[in-house]
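Paired with chain B in one complex and with chain C in the other, chain A is shared by the two complexes that follow.
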Partner chain A sequence: MVDFARVQKELQECSRDMEASGIRVSPKSDNLAGLTGTIPGPIGTPYEGGSFEIDITLPDGYPFEPPRMKFVTKVWHPNISSQSGAICLDILKDQWSPALTLKTALVSIQALLSAPEPDDPQDAVVAQQYLRDYQTFVGTARYWTESFAKASSLGVEEKVQRLVEMGFAESLVRSTLEAVGGDENLALERLCSS
Partner chain B sequence: MQNQEGPVADGEKESSESLQALPPNEFEIEDWANFVDDDVMQQQSAIHAEEAKKVPFVGDKEPLSMLAAGYESGSPILLEKIKVLGQQYAAIRRTRGDGNCFFRSFMFSYLEHILESQDQAEVDRIKGNIEECRKMLQTLGYADFTFEDFFVLFLEQLESVIPGNETSISHDELIIQSQDQSVSDYVVMFFRFVTSAEIQKRAEFFEPFVLGLTNASVEQFCKSSVEPMGEESDHVHITALSDALGVPIRVVYLDRSSCDSGTGSVSVNHHDFIPTSVANPGAKGDTTEAIKPFIMLLYRPGHYDILYPK
Partner chain C sequence: MEDCSSGDEAYDYSSDRDSLDAIENEEPDYPGVSSKSSSTKVITKESLLAAQKEDLRSVMDLLSLKEHHARTLLIHYRWDVERLLTVFVERGKASLFSEAGVSMVECQETNSVLSSSCTIMCEICIEEVLGDKATRMDCGHCYCNDCWTEHFIVKINEGQSKRIRCMAHKCNAICDEAVVRNLVSKRHPDLAEKFDRFLLESYIEDNKMVRWCPSTPHCGNAIRVEDDEFCEVECSCGFQFCFSCLSEAHSPCSCLMWELWIKKCRDESETVNWITVHTKPCPKCHKPVEKNGGCNLVSCICGQAFCWLCGGATGRDHTWSRIAGHSCGRYKEDREKNTERAKRELYRYMHYHNRYKAHTDSFKLESKLKETILEKVSISEERESRLRDFSWVTNGLYRLFRSRRVLSYSYPFAFYMFGEELFRDEMSNDEREIKQHLFENQQQLLESNVEKLSKLLEEPFNQYADDKIMEIRMQVINLSVIINNLCKEMYEYIENEVLGSIQVGNHGIAPYKSKGIEKASELSVCWNGKVSSTADKFLPSDCGTSGKSEQDFFSFFFLDFYNLEE
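The block that comes next holds the complex of A and B.
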């Protein structure tokens, strides 16, 4: 049985310093066993500016057993599966302890975004790229952040479609949208004035 | 203990090696990578479940001869040592070998001692130490809700072994409670918090010992080798718990080493962990030799059980 009284306290604690940490945890429904976490991409990394959603499931043995966490937002990182969002992090496995919390786990995931460990990969393809062609890795990771982890990137295809229907070339629409951070109105202004 | 953990560790190692050996464009490894993590967790819990059937968290008291029976076809040194052990000790109580055996042994042994001695002064004393640990954890920055439940549960256990309370329990009930996972695991976690707080409080003192065991900092050591359930205890853990709670602990070592004293007969080593607060009582002027631990544990490589003196 999940210790729901504790989960309640964790949620309160987390919402108290949400402003400072930027880390959010909220229940999916009345049942506290399913939650959603959100972490901001660390500054100075290819994930900067992104907001990453993490699916959290609490096993019956919580807090003795680790919470199950995986990325919902697609992310390009050696220790996170680019396909399934599975995370390779010791504290989510055998190094978990009841002394840790959902918040400290999310902080650790945020730290993992800052400091990938390509020698202990979850996604071998990304890890190979990280080790062999770091610049391309950074480019891809940044592109994925732009495409999947920004609020403005939601519905990007619809924006592209609308602007293309107005008669602009698709490649130009895409590059303009990217340049203005996905703001459809700004992109239209720029396209019209060019 | 080590045998049980072996296959899990090996499995992990093998899988990460083969993962790296794969060609970069093999997308199937995604599933495989996930399978490995789940597989390791499942394997681990399966082992735990299997172990649980064999030995309860705390077993029944057995005469020392039962210990010898397990070695009959084994090492003659061990049989010889068990004979020597029999001169001072009468019985053994086994605990489950799941990496928490030191803490479970300590828990049962301590509560049983209070139940039998009815030492109210000792209960009052340890409560003071527990309060200090609570403050230390707060100072170290632990959120109250992470440790509070574990402290409350241990204090309840402590109250229950003092008679005259509404919640008082018998010896049989103590055994039943100690075999209940929701009690035993909580108390283990309480001890892990107390141990971790003491090590971090006296980081400078513990640092060289920690460096002798791992390459980690004191804080990392606490996070990775003290606080997670199932992490085995070493002399660092025992020293810290004994110091923090002010409870002396004797560990008797039963291994194959033949430490003969020159006379050709074997002897059995033991070490008494005497808390700093007891060993240096200040003005009182007591001597260390006078202190005899009431908690006695038998250590065989990788595992602790409870020992009973004659």
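The block that comes next holds the complex of A and C.
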């Protein structure tokens, strides 16, 4: 049985310094075994400015067994599946310790966003790109952050549509937007100068 | 057999009895192969504890440790006492301990007792608990007993009994097994038993020199070897096996060769090959069709006619040279080559497999022969005769069995050794040809002598006169010696000339033992003997190094050494 008393305390603890850490954990429903975590993208990374939602399921043995976590928000990162959101992180597997908490696990995931480990990849395609063509990787990661991890993300299709209406080909518009990290004005500049 | 059956030689023999007896003495006394000197040991359920204690004790004595620390160290170093001590000497105590997750006990001893008067904040359940409801491990981390118990239960159920780490993040320390046992048994006595069994069986499962006997149904024994894991052993239950891969004894095949061979024989991969060579799929129903004569217009049982040459569907009208509305005379090189190749591979496999099979079958038949021969011996022994000793028959029979095995496994060996599957790039074609030729010479020589021996032993010697028996006796003894030497030479050739030059893969083979597969003897426990033998190896080479920890080690060693001297 999940130790709900501890989970309850963890949630209190987490909400106390939410302002400082930016990390939020909230139950999906009355049942504390299913939760949602949110982490801000680390500053100075392609994930900066994004807000990433993580689905948390607590196994019966929690905290003696690790919580199961995966990204709900799509993210472009060597250690996170671009398809399923599965996370490759040791403390969520064999290096889990009951002394860790949901918050510390989320902090570790945040740290993973800042420091990818392409040698131990979850998503081979992303890892290849990271190693061979770092610039493109940064561009794609930033574009994904813009497209999926921002409140304004919903606007991407509108940006595309506006630029297409100006007479640019849709595929070109998309790739240019991706390259400049989703900034509509920058994209327009590039499209005009090319 | 003709070349050594002249009467003169028989006469020579009887006049020169001593020298022949000397040869005969080289032969083993079948079936009671001597097992006193064997270095392989059977570990039964009963002696497992003793065997484990033996190694534990040597480490405890040398490093002055508690048992559970010694066990943690040994589990980490896979029960290799020598390696453990090497690490100790080369890198020191601190590194040895921290790598294995053993805490330095000395500094923690003082505060490990918690009084009931104080309270402690358990960081796992985030509750305040009384001091006597919490436990501090050797590493210094302290949590409440309920949380510890829960942690242990999860870990034991995950199969990690042998390495239950402390709950603190990044703390590598292994929990004290006494604490685990004590706490778990309060809630789940059966799980505590399981935990104990896992610890005990670690001696077998984590030890590269010990293996469970693979007999089915399992006899419950394990076998420990001393130096070389490439060997063949016989468990006290009578089961013979290759220690390295646990399948049947297969020397001079290497384990990899044997695995491939067994798979090949079982897979019917060659049947598939046959089908590719000899049949074509019907273009309509796709069943393989075999051509059983006639012209190149074949018709499948489904009624579809097709051209045998190209496999394409055709009409039914034809002449001897033409099929109506169809021509396929264009040459397709690839297909021809592939068919040729498959055919050649198939024949090659058949060649080796037939001979392997023939010797295996002979071996089975000759095993039956054993009974009839023993009967003949007892009849002969009862006869009024000056001949009393018939050990040469059983010895000869034993030599026959032994060499038959070598011979039969030498064929799959040759199949892989001189084929392209494993060692294509390891030898040039010329080199391969020369080596194969020399090997085959030896193999054939062995083969012809084995057949001679087999024939001789089948003779109804119990009906013969004494001098005729003496003649057979001498031939059997001669042949046995020759065969034994041939086997030895073949192994030498394999080890030095053929496998010796191979760089890829691990192709160690169990060495030839003229006395046959070694019977493991029951383990007798002797504490001090083991300690001194291990320490002996360490004394001469490492005396020069000095340092605090090394000195500790040697003072322990000397203490023990002097105890022995007394």
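Rule of thumb we're sticking to: the second predicted complex is superposed on the first by the 153 of 194 C-alpha atoms of A that agree within 3 Å, B and C clash if a C-alpha of one lies under 4 Å from a C-alpha of the other, contacts with A are read in each partner's own complex, and residues count from 1 in each chain.
Everything that follows uses one rule, which is that a contact is a pair of C-beta atoms (placed from the backbone, for glycine too) under 8 Å apart; a residue touches a chain by one contact, two chains touch by 3 or more.
It should be emphasised that the depicted structure is a prediction, and the values quoted were computed from it without experimental measurement.
Steric overlap between chain B and chain C is present once the structures are superposed on chain A.
Comparing chain B with chain C, more residues of chain A are touched by B. In the superposition on chain A, no contact is made by A:N79 with either chain B or chain C.
When the shared chain is aligned, chain B and chain C each come close enough to touch A:K9. Once chain A of one complex is fitted onto chain A of the other, the partner contacts of A:K93 are limited to chain B, with no touch recorded for chain C. In the superposition on chain A, contact of A:T145 is made with neither chain B nor chain C. With both structures placed on the common chain, the touch criterion links A:T176 to neither chain B nor chain C.
Touch criterion met: A:V125 reaches chain B, while chain C stays clear of it.
In the superposed model, A:T45 makes contact with neither chain B nor chain C.
Looking at the shared chain after the overlay, A:Q110 reaches neither chain B nor chain C. One listed stretch of chain C collides with chain B once both complexes sit on chain A; from 5-13, 95-103 or 329-337, that stretch is 95-103.
On chain A, the surface patch touched by chain B in one complex and by chain C in the other comprises residues 3, 6, 9-10, 64, 95, 97-100.
Within the complex formed with chain A, the chain C residues making contact are 123-127, 147, 150-151, 153-154, 167-171.
On chain A, the positions that touch chain C within their shared complex are 3, 5-6, 9-10, 61, 63-65, 91, 95, 97-100, 104. Put simply, chain B touches chain A in their complex at residues 16, 19-20, 22, 24-27, 29-30, 33-34, 37, 40-41, 44, 142-143, 145-147, 149-150, 185, 189, 192-193, 196, 223-224, 227-230.
On the side of chain A, the complex with chain B involves touching residues 3, 6, 9-10, 13, 64, 81, 83-84, 86, 88, 90, 93-101, 120-125, 128-129.
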